[in-house]
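Take a look at the structure set out below.
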Amino acid sequence: MFFDVLLIGIMVGAIYTLVTIGYSMVYSILKLMNFAHGDVYIFGTFICYTLLSKYSMNPLVAILIAALLGGLLASLVEVVAYRRLRSEQHRMISMITALGAAYVIQNSNELQWGNQVLAFPSILTAKTFQLFGFTIPITQIIILVIAVSLIAVFTLFLKYHPYGKAILCVSEDIPTASLMGIPINKTITMVYFIGGMLGVVGGILYSTSYNAVSLAMGFRGTIIAFTAAVIGGIGSLGGALVGGMLLGICENFIGVYVSSSYRDPITFLLLILILLVKPTGIMGSVDQSKV
Amino acid sequence: MLTVKSLESGYGKIKALFGIDLEIKQGEIVALIGANGAGKTTFLKTVSGLIKPSGGNITFEGKRLDNLPPETIVNLGISHVPEGRMIFTQQSVETNLEIGAFGRKDKKEIKQDMQKYYDMFPILGNRRKQKAGTLSGGEQQMLAIARGLMKRPKLIFLDEPSMGLAPVLVNQIFKIIKELHQTGLSVLLVEQNVKKALKITQRAYVIELGKIVHNGKSSELLNSEAIRKSYLGEA
Amino acid sequence: MSLLTAKAIGKNFGGVVALDDVSLTVENGEIVGMIGPNGSGKTTFINNLSGLYAPSNGEFIFNEEDITGLAAHVITAKGISRTFQNLRVFPNISVLENVLVGLHCRINVSLWDVYFRFLKTRKAESQAKEKAMAVLEVADLASRKNDLAKNLPYGKQRLLEICRAIVSDPHLLLLDEPCAGMNPVEMDELADFIKVLQKKGITVFVIEHNMRFIMSVAERIIVLANGAKFQEGTPAQIQNDKKVQAIYLGDEGDI
Amino acid sequence: MKFNSLLENPIYVKAGYILAILLALFLPKIVSDMYYLGIVNYMILYAILCMGLNLILGYTGLLSLGHAAFYGLGGYTTAILITRYGFSFLSCLIISGIVALLFGILLGIPTRKVRGDYFCLLTIAFGEIFRLVAQAWIEFTNGAMGIVGIPIPKIFGWSIRTESDFYYLGLTLLGFTYITLALLVNSKFGRAFIAIREDELAASVMGINTALYKIIVFAIGCFYAGLAGSYLAVYQTTITPSNFRLEESCLMIIMVIVGGMGSLLAPIAGVIVMTIATEYFRGISEYRMLIIGVIMVAVLLFRPQGIFGTSAFKS
């Protein structure tokens, strides 16, 4: 029992990490709470749902198309709603604009797919295998592998690809990055694109493992991403991983051992406590603003 | 090479430059000196595109620069090594240099250039995998200059390269600047160490409250009373 | 007893030493200047004194009272006001309201009074307005009392910031680069204004880069370099000090 | 432009106020259709909520996305006290406000330490905790079914039954909200709140205890939400957790923004515009929320100060 819960927790944690990465990157560059993040990923997940259930498309192709569309939507939101606000303005305005963008996407999603829970087709085998006396479902292992390898690919991209490095530099210091010849607008749009894509894949993996997709998962996703990012310390990949994993595992243990209906309240309470005790997150550091 | 005519600029409503005229010829090394808050950094930032000018014009090799974004300007051949070094502290020394070469496609030559600067600044070579934030002030300055050179600029702006450095290092940095100029690079040097700056440059502009108040041969300005006044006020 | 005594003030930011063993005194009624190259720790000193940071070492004695590490609003209430290097007026409220915010700790009204003692509150408010207007008159800003602060010319905004700081009748006024961005005419006006403040009994501690200004205003100048006190003297002494000239102009050295 | 110069003439402004007050007092005589009066009652409800929120959002610059939770705290307090313990409506009203105020203090405490956007997250988390607990704690809140059959409220023998009765009750609450807010905003406290919004650091060296004031302002703003919740409970006679979803908080923010942040009466304009828009688009109800979202983004991009708001939020 314990082991099963842990395994599911790790799988969910890996998915959360995927969802968190894009969110955390955006935050670290623009200091903008991207409320639309969850709605973008649920959009992609719905797309995938439609492609699979209506058109019986090959799952891999469907995931790819959904991820691309999700990425495009995320960059569209950036260009239309956020770019104008990047210049000096009251921070609250950009936060509320993000909220507005989320609202628009959420309502568009609702028009298309409604607000009921839809049965997401299971794209992975339900088989299990035995290891050291434990029954391990293959689905969870595959999901874990996909999530972890995507995280790895993105990490390598940041570390070795010129544009990956550019993203890191932009998140450190936008003016200096522009002096290096890095096109700031393009880079930021790219961050949104990648973040959206990873989020969509995370959403699809989550939906396929629970065989469900619904509108409400979008907003929940935003909160999850924010929580995980804050717990781990915003702006770092390691932080997203720690935060995502911690959240995934805690949530599952709370759900199983405490109460499933109090799972989310307790998770949120945890967030509040963490913010109170260490406002910069477990891995975050303090920054002192210049006077 | 670079011609600036009656440039006006500032931050929001607050004006900092009131009609600056300045010229740099191919291969020249020129100093821009003045007290703190006179507008030196604002001038560099305006030319390199970080601040939009509110009046006047800037031409570089016949092309208008005003209102171009910084990433375009740097690609035309002006590197700006900002005040306070502004290296990417979370990245390795190597990454900082690679980012300096952002947009260059000649991978082999980038490698060669990097090696060149590792040879020039052995301390950077030894620490290429280290996070740049762990370098000392002088090393960070060297890194910032090397990073600025990775673009193979025709003209380089150096903003207060000696700021906050120990005297020994200051001399070293000035030597490096002199050597760079000797390789044919045009240099615009903004400095608070006026005497040293005047010693290594050919011409100099003195800026006060957003206006150029003197300009001429550095050697002549070096012992001028006007400079002392500009810094310490009338006796 | 001096109005302010700073004893061996030190401040570290994560290992970087910003202030190192700075000791100084400010006497009642003086105008003291502090100069030093960029990054020498002048603003950090003021930030520590006014309670925005707590110093890592040392103590501040103000009016014979230890104020080290108290919160900014408490220190203000004790009689130390300040302005900022990068101009921090409240841009979207009127000139008069800006000054009234400066009076905050001198308006003796509680929340209870706000809701249940209208007359007392009204009286306190109108007294505060009178006082604010009086200060604006001195600074020649009274005619613009209803303008939004951000619509004033830059030099006037600087002046407004000082009005906001002095309206609470501080014993000690800290000015952080009040001339930054001013033109020469505005600077002369400011110098005169500071001398008026001195006559009103306010002690002034001013950080400034502009030498002409500080030499004409300050009676005593303290030079900071690399976070430590480097020199102290009258303006004439400082101006002719070779060591001070060296830190400002540098040396030629062997390049 | 013309409109603005009209607003500057004191005679027109005074006449306008008197006209508005007269209109407000006799509205139920003019509007005979109970459906429309019902809409007006909801407008009043939202006006109370939004004016309180505006104190937090527009005056002090704290983004709270949990306002619906305080609204809900008020609603549940009244519903439970009336149905289970037979409290009178008036005492419920006051207790509801105080409960919301106390929770406001509790949630306001972190503003001392936590940055603005983290605080926003805290308010979201609190809002969700509230809603989820209201859903899960079935013995106490009756879960998702909500509390039904809240009796007709009585104040000093006056039974509040009809839409018109509720209109006057709401109007009284709105008047109370306006007067108390006006007293606060025009005092040194109001200026201190604005100073915190404009520049927190500068505010602190003006002698303002910013940490304490943010808690005060947040708690006071929540107090009005508690009142509104109490009103909602007796007006609807039922309340369910879905009355207090995050969407409600969003809607309040939209209303405040459209009306204009940082000006006392401006949110009312937002409430009116948004309610009318919602009604107008009822015919194409499936697109309604979408259109409202688009309006919100457009307002933020092109007129962030709203219809009447302060220039603090203009670019």
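Letters A, B, C and D name the chains as they come in the text, with residue numbers starting at 1 for each one.
As a working rule, a contact is a pair of C-beta atoms (placed from the backbone, for glycine too) under 8 Å apart; a residue touches a chain by one contact, two chains touch by 3 or more.
For clarity, every value in this text was computed on a predicted model and none was experimentally measured.
Chemist: Specify the chain most distant from chain C by Cα centroid.
Modeler: A
Chemist: Quick check: more C-beta contact pairs in A-B or B-C?
Modeler: Contact tally favours B-C.
Chemist: CA centre of chain A versus CA centre of chain B: separation in Å?
Modeler: Their C-alpha centroids are separated by 41 Å.
Chemist: Mind checking the centre-to-centre distance between chain A and chain D? Centres are C-alpha means, answer in whole Å.
Modeler: Between these chains, centre-to-centre, one finds 32 Å.
Chemist: Take the average of all CA coordinates in chain B, do the same for chain D, and state the distance between these two points in whole angstrom.
Modeler: Distance between chain centres, rounded to whole Å: 54 Å.
Chemist: Pull out every residue in chain C that's touching 2 or more other chains.
Modeler: Residues 52, 84, 150 of chain C each touch two or more of the other chains.
Chemist: Using the touch rule from the top of the page, what residues of chain D touch 2 or more other chains?
Modeler: In chain D, the residues touching two or more other chains are 201, 312.
Chemist: Would you please write down the residue numbers of chain A that are in contact with two or more other chains?
Modeler: Within chain A, residues 88, 291 contact more than one other chain.
Chemist: Chain D touches which residues of chain A in the complex?
Modeler: 31, 33, 81, 84-85, 87-93, 95-97, 99-101, 103-104, 106-108, 110-111, 219, 223, 226-227, 230, 259, 261-262, 264-265, 268-269, 271-272, 275-276, 279, 291
Chemist: Can you name the residues of chain B that touch chain A in the complex?
Modeler: 12, 48-50, 69-71, 74-75, 79-80, 82, 86, 88-91, 95, 98-100, 102-103, 147, 151
Chemist: Would you tell me which residues of chain D are touching chain A in their complex?
Modeler: Residue positions touching the partner: 57, 61, 63, 65, 110, 113-118, 120-122, 124-126, 128-129, 132-133, 135-136, 201, 246, 250, 253-254, 257, 286-287, 289-290, 292-294, 296-297, 300-301, 304, 312-313, 315.
Chemist: Report the residues of chain C in contact with chain B in the complex, numbered from low to high.
Modeler: 37-39, 87, 150, 154, 177, 179-181, 183-184, 209-216, 236, 239-240, 244-245, 248-255
Chemist: Which bits of chain D are touching chain C when the two form their complex?
Modeler: 180, 183-184, 186-189, 191-192, 194-195, 198-199, 201-210, 216, 262, 310-312
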